[in-house]
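You will see subunit A twice below: alongside subunit B first, and alongside subunit C after that.
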Partner chain A sequence: MSQPAKFFGTALTFSGALSAALLLIAIIMLSLDKAPIAAGQRFLEGAIGTPSARADVVMAALPMLLCAAGLLLTFTAGLWNIGVEGQVTMGAIFATIIARTIPRDVSDWGVLAALILPAELLLAMFGGALWAGLAALLKIRGGINEIFGGVALNFISVNILLSLVNGPWRVGTFPQTAPFAPAALLPRHPELRLSPLAIVIALTAFVVVFVALRGTRFGLALRAIGRNARSAGILGVRVERNIFWAMVACGALAGLAGAFQALFTRGRLLPNISGGIGFMGVLIVLLVGVRAAWVLPVALFIATVPVGSLKLATSLDSSVQIDAALGNVFQGALVLAVLIGSGIRARLAARRKEQFEHG
Partner chain B sequence: MHVELRDITKTFGNLRANDALSLSFAEGRIYALLGENGAGKSTLMKILSGYQPPDSGHILIDGQVVTFETPADALRCGIGMLHQDPLDVPNLTVLDNFMLGRHEGLLPKRKAAREALEAHAARLGFHLDPFRYVDSLTIGERQQLEIVRLLSLGARLLILDEPTTGISAEQKHTLFSSLKRLAAQEGMTIILVSHKLEDVAALCEEVYVLRGGKLVGHRLMPTPIDELVTLMFGQSLPRPSRGAHSLGEEILCVESVSLTARRLTVRDLSLSVRSGEVIGLAGLDGSGQSDFLRACAGLQPINSGQILINGVSIRGKSYAELLRMGVAYAPSGRLEEGLIDGLTLAEHFALARDSGIWIKWREAVALAARQIAHYNIRGAPHSPVQTLSGGNQQRTLIALLPDNLRLLLLEDPTRGLDVESTAWVWQQLLARRDAGAAILFTSPDLDEIVTYSDRVLVFCEGRATLVTDLDNLTRNPAERLGELIGGRSL
Partner chain C sequence: MDDVLVRTLADIVKVGAPIVLAAIGETLTERGGVVNLALDGSLVLSALAAFVVGTSTSSVIVGTLAGISVGSLIALIVAACSIELRLSQVAVGFVLTLLCRDLALFLGIPYRNAQVFPTTFLPIPVLKDIPVIGAIFFNQDLFTYLSFIAVAVAWWWLFRTKAGLTLRAVGERPQAAFARGVNVNRIRYLYTALGGSLVGLGGAAYTLGVLPTWSDTGIAGNGWIALAIVIFGGWHPLRVAFGVYLVAGLRTIVTSIQAQVPPQVVELLNALPWLLMLLTLFLVSGPYLDRLMKVLPPRLHPPIRTLLRARPPSALGTVFEQEGRS
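Coming up: the complex of A and B.
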């Protein structure tokens, strides 16, 4: 199929799936006696109507982008790194190890003050990589499928998080740490809730992954492993080593995403620090079918949903006020619709090919 | 049942795979459909067995025109096809597989099915344990299961597509004698699709020869092999001969190795292989010869003993490390274990030959183009490898092998290839040998082993016996090997 036709097909699939998901949400809202059109307008306004809303969308997209970038590596190698959620959590915990010890006033720290943020981010990457490395070792040495290892490690990471914020790290009545000092946080744009540094880091990470997949031996090896690990081994690829490093790299990026959550979005460590962004990353990669170029726009699009639905949830107008959970329903429905659409497309393509061969 | 094909034509794009073919198959006779790869044999048999419709032409059964929409339609009319790779469900038992495709309502009668299975198997002289899982069977046993299943479903005409690929000499013997009995005593019609002339000579009564989609000959057996070869290829091929060559230093040294194969343990295996030597590994399917190859490649652990390559023990070394020491392993399943479905030829060359962090795509494409020309592969650097034909995939596998190899470990290197491609593959391999490499290979084809090996290691019942005096054997060496494989003592 020609390139423009392919692009057109992809766009058609996406818009069809989007319409289906919107239709579903509209039906749900009508059954609740809400006004879907007005809610849609309010949603768009809330998500992209103002500079501050747009900044919120961008900042919500960044951790998802980091997770999705990491997951591109593992999915390419045929690994279902469901443990990404735990890797995000560990990243947030490891960043907090430093962040919670930083005092409000660091004016007498001199050069050391400039090292706080890099140290936090590196430690967060280490934490995520550690968790992913464990899942990788379980797979390589123990023969445990990365999905099961990942689910178990997710569970453990959540409990480590809860025991910390309920125990030694708890400050005040709620199970959470104290807000971090400004010097420990990602630097903020003076007017908007936006961190230019975070944007630079996330985009750089994405570009590095993109280039690694396209142009390096590592990327080609991962593609080979994902398609046929046995053949890849016979061609001289060190399968286990590449699997390990793909997982570790994904874990490091997920850990970075966790640090963004703790050091910017929340500004402290609290339960559910990840907020499911690891799974969002999985959804994004599934949505785009591991085609790296589509990750960026889709991540931005997905990020409008929580931001916009939060505006709806806090609206005073009862005709559009709905629970923010409906946003999750929309996301889920969208992913499902896209997957169904891709399935239909694949079938049509196969049928066309058959007709071509017989005709 | 008399089956007739009349003016069957089938085209794929510009290719006329079948060009107005008219063949006739009488009851109780054994036919061969002979032709090199791409001659149109498989296409024609797929049409006859209902897998695809012809563009034009008719199938007649006892004078009546029939049309098949699906293989099940063909089977209802008594036409069953045994595929080269048995179409069974590996993680079900023999009995479950046997029951698939039987129409018995919601609650299958297992007991009746088991009795039917055993009755059919006994009639054919096959031994099939109904409760074994199919993935633990050899290819030969899976074939037997498929034949039993087709017969129980009422097949009166049996098509066998390259049935002797991957089965042992003994299984072939059993298969052929049951087929002969089926034809002679029960009036079944058998069609053997093959490019193996010795099989055709051993089994068949009549031969149809296809070339380039056309019927070029119809002979009654016995017909001289040379005449059939001429029909198949348009000319007679000279049989390759083994020239004299010198042996160099020791490359592979195996010292009292014990290793576990699928169902048995091979004990006390010792062997020394020198540069320039070709060692054939013979044995029944699953007797440990493939496992031994994999062990030499570091792909399978050994229980005891040691394997030295260039004087260095390979214990704890990965295949990637051995590859760097000049050891290469080529498995028989090309797309399962060797090539990667979905990657292009250039990507394969980049993966196998390039090193360093960045991939030099331009060099990889240039290398692929050079190798394509050198190895006469029908494809382009950007062709996905799964679009190549089996013979061209085998050429690609050989083209991917690194230069300066010391030890080649090949599992059935000519599996499913026609005579011409086989000769070409061996020409390449022997060139490697002449450059100083040692070759170990397995093959179910004893003639291939006898033709190319300097020495033969015969695997039988957990022992490996070295046969060194191949040329001095007065009797037919392949027959002698067959006896050893079957477990007859010296």
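Coming up: the complex of A and C.
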């Protein structure tokens, strides 16, 4: 198929899927006596209408971008790293190990004060990588499918998190730590709820992954394993080693995303610190079909959903006030519709080809 | 036997019932070569459907049927996407599980803290008076009996009937089964829907039997446990049921000592079922079992291999390109 026709087909699939998902949401809203059009306007206004809303979207997109970047590596190798959610959680926990000990006043720390943030972020990456490495070892050494191992490690990470915030790290009446001191947090833009440093880190990480996939031996090896692991092994690719490092790299990026959650979004450690961003990363990668270049715009698009839904949820106008959980329904419906749409397209193309070959 | 123990065992059998139903359903589905990864979301959504329909019609049977329909419908989406569109079962199932769970959380908001459903407690007259056994197995609610029946029938069906042999053939060697005249994809549709309806029944067992009210937090996550136990149980109904009761037992023990230990310890103890499953699978499916075998007398090898086998159906998760249709 020619390039413009292919692009047209993709655009058609996406717009069709988007309409289907929006239609579902509109039907749900109408059945609850809400005004879908007004809610849609309110949603757009709340998500992209003001500079502060746009800043929220960008900041919500960063952890998703990090997870999606890491998952590009594992998906390319054909690995379903469902454990990404637990890797995010471990990242947040490991960042907290340092963050909770930082006092409010660090003026007499001198050079050491500049090392707080790098140490937190590195430790968070280590925590995520550790959890991913564990899932990789279970797969390579124990033959445990990475989906099963990942799910188990997700639940275990939540248990560890709850144990810490209910026990030794708990401050006050709720199961959570105290708010972290300013020196422990990602530095914030003076006016907007935005962290330029976080943006730089996330974009750098994404570019590194992009280049690694396109132009390095590692990327080539991962693609070979993803196509056919056994053939890749026969041709001399070290399958187990590459799988291990792909998982560890993904875990490190997910851990960084967890640090962003703890050190910026929430400013403390609390239950459900990941907020499902690992799974959103999986949805993003499924949505773009592992086409790396699309991850950035799609992450921004997906990030408008929680930001806009929150504005709807807190709206005082009862005709548009609706629980933010509906935003998650939209995301899921959109990805399912895109999967089904591209499946139908592929079947139609195959049928056309068959007819062409048989005259 | 002392009273507390009997009551604890009866409790384990009861709280395990929905997970048994879901896990047996998934076992049948996976034996045919299809992974229904949407299980967790299906369980929650069918539980909500059963509760809403059940309370509004004040009929347990109609509510249960609603749960079953939702479960089988979701399973059919997975099957259709795999068989007709050749999409990855894992991708579709994963997206569906998130979608169904979020849909249930959203649609269930008005039903939070809704009234408790009339009980489905159904002691069986004569049998319940048998000492110990009666108290554990025959003094239960409707769904618990259904879970026993599901295990027994699934075992008998899989290993003692021709239809079960066909199902296993479809999951292990679809080409061979097709050559013998089996319509592979029709069998897969059939057992995916059947497995999905058992998952739906499991959902209904939560909101109409075990809980019995609508609570998303009490249900979500158990579907993942069921999926894990299918692997842990080596795709064998009896071992799957054993796995469920083991996990339910661990949870019951943790709940019963909750008051005596600090909360941070309770949270860590909640991770025990997952740790246990990971460790067992690691030892069983890795090279460590072979090392253990070398130490044991050869006479014991075959029974241990059957007991601990953890090999999935060979064609699990794959697409079968049936000739004569495209």
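Here is the rule we use: the second predicted complex is superposed on the first by the 358 of 359 C-alpha atoms of A that agree within 3 Å, B and C clash if a C-alpha of one lies under 4 Å from a C-alpha of the other, contacts with A are read in each partner's own complex, and residues count from 1 in each chain.
The rule is simple: contacts are C-beta pairs under 8 Å (C-beta built on N, C-alpha and C of every residue); 3 or more make two chains touch, one makes a residue touch a chain.
Since we're looking at a predicted model, the values are computed, not measured.
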item	value
Three-chain arrangement built on subunit A, subunit B and subunit C clash or fit	clash
Partner chain in contact with A:138 - subunit B first, subunit C second, else both or neither	second
First (subunit B), second (subunit C), both or neither touched by A:236	first
First, second, both or neither for A:325, with subunit B first and subunit C second	second
Touching partner for A:351 - first (subunit B), second (subunit C), both, neither	second
Greater subunit A contact set [subunit C / subunit B]	C
First (subunit B), second (subunit C), both or neither touched by A:168	second
Subunit B versus subunit C as contact partner of A:227, first or second or both or neither	first
Partner chain in contact with A:218 - subunit B first, subunit C second, else both or neither	first
Which superposed partner A:160 touches (first subunit B, second subunit C, both, neither)	second
From 39-47, 57-65, 93-101 or 309-317, the subunit B stretch with C-alpha clashes against subunit C	93-101
Of subunit B, residues touching subunit A in the complex	12-13, 299, 318-320, 323, 329-331, 335-343, 347-348, 350-352, 354-359, 361, 400
For the subunit A and subunit C complex, residues of the former touching the latter	28, 80, 82, 138, 141-145, 147-149, 151-153, 155-156, 159-160, 162-164, 166-168, 279, 282-283, 286, 323, 325-326, 328-329, 331-333, 335-336, 339-340, 343-344, 346-347, 350-351, 354
Subunit A-touching residues of subunit C, taken from the complex the two chains share	37, 81, 84-87, 90-92, 94-96, 98-99, 102-103, 105-107, 109, 221, 224, 227-228, 231, 262-265, 267-268, 270-271, 274-275, 277-278, 281-283, 285-286, 326
Subunit B-facing residues of subunit A, complex	215-218, 220-221, 223-224, 227-228, 230-238, 357-358
